[in-house]
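Letters A, B, C and D mark the chains as written, and numbering starts fresh at 1 in each.
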């Protein structure tokens, strides 16, 4: 079995799994869970084998003509290089963990079959994006991921939040995909092919006519898909979907696809320094804005969502300074620990009966009830805050090192200013990240007050998955630095990824500052947290399915706390630190209201105008033309007076007129 | 299979439905009495359209796939020498897919109405009319003589008028009359153009005219003829300002009528553009192309905004009317593809044609079954404040509706995407001599149109499929999930949408060579 | 001084002569035939007309002409060329179908006179296309018209029939007077009455008389335009058709029009050829006006008015006259071959219009007041009649399944486009759409479900021809009296002659739809 | 005699006939004016025949035909007028408007008063 056949099997297996699940569906409920888990697990194993076989060797390419189009043909192409195979391994790992986790999380959900089929379909689409060597096939995987995310976010369609979040998620990503498609057209027209290799060689030979325009168009699509600054508003609302979905789609894979796409086509972006500057600015704003917003969120998942936006900002920053190895390195490590955090959050919500941090901070010994979740989430939060020895520290340091390297003006055709913006933003975000990581841990697991009612034991599979994901969170960073065992730089472009002294000291220092500041604020507001607030999902005696707990939690959050995102809790340390900024940060700096005013309202007004135009203007024209012959007909009919002398007079008058016209006229 | 067998196959495919229609009017022969006369005649309809489908599939199989540009299975016998009209039939890569699509859709409609006869008078007339309609549409795609094309174009009017006027919903007489008058005016104006070409070029034969590529026609004749024919065809494939007959026709047509109207009749207009205007009057088409593109793009935006207005809460929008407007939008893409005058664009247009036939046919079937279950397709009554929760009440029907909506918004991987993408790709780099700037803005607007399409379709899915837990568990109007006969009628459409999405070469392989020769080997 | 007796080619003039002789035979036979065997006269007329039709066959091989001048030029007054034969076929066929339509109502009409008048009018109409000089033309027109006045007024007791006859008479004679004035002016300008000589003369007319000649040309056209019911001279048509007995309305709508357009063609295309640039636009404008007026008025007919079916067919025949004129106008621009299209269209129109009148006659037997509303749900009661009526109406509208109607219209469109009359073609296109409204409304009515089958439509009693001039019976729309109901049930079995008429025109229509070349071959010209 | 005299006379005669047709109410007088018009044309034809010195005398031949036709027309015309009089009790052309395209469908026409015919 050559590498290519294996690589073809990797996206094919989950796709067949999804198809099988849909067909088996109601007929064989018993098979539902194995049909969901086994294909994805097999795909993960195969991805690992492909990665091992491919190793750090030269990129393997294979293609088969999919269809002629009239000008630029489209091929089913594979392009396997270091980046692709490793990300495929990450995707396989997270997808298998999520499928396993979901068997417990949604065990008696009536729609488990369609849910698992959609997750498998999503995994297949992600594999297609990762392995594809042809941009149009990549776009197919790109949009199939978008629609799967739409259906999965809308899984709890009984709740209003899920209904509006799913349509918002798809439309915002689709808004990004519109310029993305036009960018692909521009690339294909200039390079004469959709194949990535062809485009890269064309870019390096400078055949792209308007590189800046193309880069900006592509960046719009990337911003939409990877939830970067202007088009990020859909990700926090997408938390209305089930937690495993958020873990898979909104942490590790789909949102990473945008960064991966830019990494793949970096030479295209590097041809225009203006595009890199825009990317850097976008990354900076995303990092800082999301950091602040994460501090003010009350819903545990929305904190993690904003944190994901922030970390993606880091990767975008690394790309902006031209170092795609650092970006992909951070992508891999972030994928592991962020998926772990989300799955852990699922466990927390199930045991605490609520997703509100304010409510959790008033529950005593929550941590003792779910020790596995507490420990694994602790490790992951530490990795998030970039504390050594966890993988987060190494990957984030490699980004900061690349930024510092560019700031010094040593990277080719990357202006120093870009390096400085990414570096400064990176450091500020390091503080903020540490801050909200600690806030989350303290509020969730160090709460005081009455012991919480038991919501039934966690299914063992959920805890096991947490520990599986904890391994890469701990080990991945360190292994990458032992060249003999697993020489990561060789898999990438070859530059060193080990942390330098200055940035690591700076990074650790700022992280500690963030942690201590948050700890101090937490101590100060301890007294205020004795006042009870919010409600806990009163779990009925028998063991309630975690998904139902989460669904009711999401549904009731707005009713209980008055707002889907924030909660008026004086005891929140984040409120203390943010001060006046808190209200704005909680609502994502009112970008939603801005977009509603800028885009949604004018479109609906135009729709109203069209409705009026169609009913009044065009309708009157059409029925008007209908009326003309009727009027003439009425006139002619009334002319039939019945009096023969009128007939004779008309006859003779007609003859006279005819004679005169003929005689005189011609 | 040699050409003479194909020749008889094609002739049989076109004539058989007519014979079937006459057979439907006659009393059934003793052997085939069946349970009741109605059931017998409906079964007759199914068998005839089934045989026609089988023949057309055999035709497709026998078709020489290596030279789709060559006109195959052609019969050419003189019919009226006085007017120079010959019965000239033939198919190539462009007309074959449309032929098979028509046969398939009519067969599915016959099967659907075998089990669920729409309310109205005798099914005998119903079956006869559907078979005449099928013969008219098949003839339109198979005929290669300008006046026979006009005859087939008109053969469709009377059956569709009676289908809407006798078996339709409320306001059917008025909308049926508006439909037939509007389309007849268009087709008579088209006749003037066809006659002008026939007289000036000396022959009505499309193949000869196409190979001349307009060399015998002076520029002004081409301009006048192309304008006349263009107007007639634009009414049929509703181009934006001439579309106001479509929503009324669809709102009051029976389910089967809507499926055939959207699935097949709209294609005759766009097929006419490709088969007649592009090859026969190239210079005139080149001068009109930007205006056609502009109208097409306005049609896309106008259609989707109208749908958005209908889909919103409290506007009293009707679901069938919404899907009719969505057809205006989709056909806008087809017309944009044609207006680019590039092989990519025209390939995209033909692909979108087939895809629209499949997907909108499926959507109208689904909305028809909703109307049977709920009694009305008025969105506000259906959805109420929070939605009709079809996912809960009838999961399979909800799933299919979601699939139809997703396919219709042009999700890559399903048939809807390739047509629209290639049309926009063609418009991105139009034929040389067309104003590049204008076409770039058209591409941008069309791309924005896909976003609007996605918006209103997902709003519809939200208001129909999703809803509160209480509505999901409500049981007062008992809601049967998808029946076996409905599955039988719909699975081919779903399967074909997925196959055409995953393997576009199935259609593009056929149309690409044919389109290249049509555009003069450019 | 040659022999005074001119040699006459009897075979050439056979068709009109047979018809005329048959008329006399029938008139005389009427004296000897007893009341009971009166229908025999009917079948005698039909047989005679068939014989007249057969007499056309020997003339097919080559053109013949008779009554020629021995002096200069050798112009002949009677020419039996292809043009004449086709028109004579149409006239005789029309008369035959009218006869078939009339046989079943002979009990109310004076049989002998009726057949005599019908045959003499037919012979006049048969003579007209063959005449090649203005005198014979006028005489033929009068011979065709005078019996028609009598036929319209033949229902002695019926007050409407007499009124219609009077209107028809006065209008027609006035038109003839104007035509004769025109003829005199033309005679003054060219000094001859023979058409070909006239054409030759008009080229060299001296300037003073030029305006007189042009005026004469215009006035001559009026008489035939009146007979064809062209726009400003159409007012008599609705009143006459509604007042006249049904078969006569059918006769006038087909054979009357045939006489009209053949006379018009002979004058414009043959006699006034040099003035083509003068009468071309005039005829085109008249055509446009006629079709628009005809179709627009037909659009607004009230379906529940009494006799609305015949009135609608009257207005529709005016519209169709507009279509007939288009190729004549085209002939002014694109040569005489264009008039073949008029004849082809006329043949189609003749067969189909008579079929429609036959079905109206059939329905009139059960609903004597033939309102349009009486046709609701005809398909339920008489499926075949309803289907053939739908076929005839769609042929008139020019839509498939009326294939022959469609191709005839395509031929007319083609001649208009060929002659460059773009604006006329567009107006005709609009008219086709307007015409479809009322044809389709009637067709839909045929297949509509009969509302309340048990309450028959309020039939107004038809005035029974009481013996002598008794008091005119009242017309109050009352419930159907005894014998009217009686007649409704008795007449369910349609008479053989009527079914024969419907069947003949339906078969003719379907056969032509299958092979339009049979009729459209004349469109390719070579007639005159 | 110069041609203009008969031509003018016939034109005058034709106009008189025309006036008679349009203005008179009694059907018989309308018939008479129609005859005047026809005879005006006859005069015209004979005048032109003489003026043209036509050896074939086509004009006069046509005049004879027209006279015969006029006679036949008068025969039928009077028969019709008689018929109308007997049916309607009046031969007043203005009163014969039963066949108008009336708007109200039910009543065909108001029945004529019998009295006037009897008087």
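Worth pointing out:
By definition in this document, contacts are C-beta pairs under 8 Å (C-beta built on N, C-alpha and C of every residue); 3 or more make two chains touch, one makes a residue touch a chain.
Quantities reported herein were computed from a predicted structural model and do not represent experimental measurements.
Set side by side, B-C and A-B show the greater C-beta contact count at A-B. A simple rule picks the central chain: find each chain's mean C-alpha point, then take the one closest to the mean of all protein C-alpha atoms, which gives B. Note: centroid distance chain B to chain C, computed from Cα atoms, is 44 Å.
If each chain is reduced to the centroid of its CA atoms, chain B and chain D end up 64 Å from each other.
Averaged Cα coordinates give chain A a centre that lies 37 Å from the centre of chain B. Distance between chain centres (mean CA atoms), chain A to chain C: 80 Å. Annotation for chain D: residues 21, 93, 96, 98-101 touch two or more other chains. Of all residues in chain B, those that touch two or more other chains are 181.
Residue positions of chain A with contacts to 2 or more other chains are 637, 640, 642, 644, 648, 652.
Chain pairs that touch one another are A-B, A-C, A-D, B-C, C-D. If you check the complex, the residues on chain C that touch chain A are 166-167, 170-171, 174-175, 178, 211, 214-215, 217-219, 221-222, 226, 231-233, 235-236, 238-239, 275, 277-279, 281-282, 292-293, 295-301, 434. By the touch criterion stated above, chain D contacts chain A in their complex at residues 18, 21-22, 93-94, 96-101. Contacts from chain A toward chain C in the complex involve residues 629-630, 632-634, 636-637, 639-640, 642, 644, 646-648, 650-655, 657-666.
On chain D, the positions that touch chain C within their shared complex are 14, 17, 21, 27, 30, 34, 37-38, 40-41, 44-45, 48-49, 51-52, 54-56, 58-59, 61-62, 65-66, 69, 72-73, 76-77, 79-81, 83-84, 86-88, 93, 96, 98-103, 105-109, 111-112, 114. Within the complex formed with chain C, the chain B residues making contact are 79-83, 85, 121, 125, 132, 136, 147, 150-151, 154-155, 157-158, 161-162, 165-166, 173, 177, 180-181, 184-185, 188-189, 191-192, 195-196, 198-199, 224.
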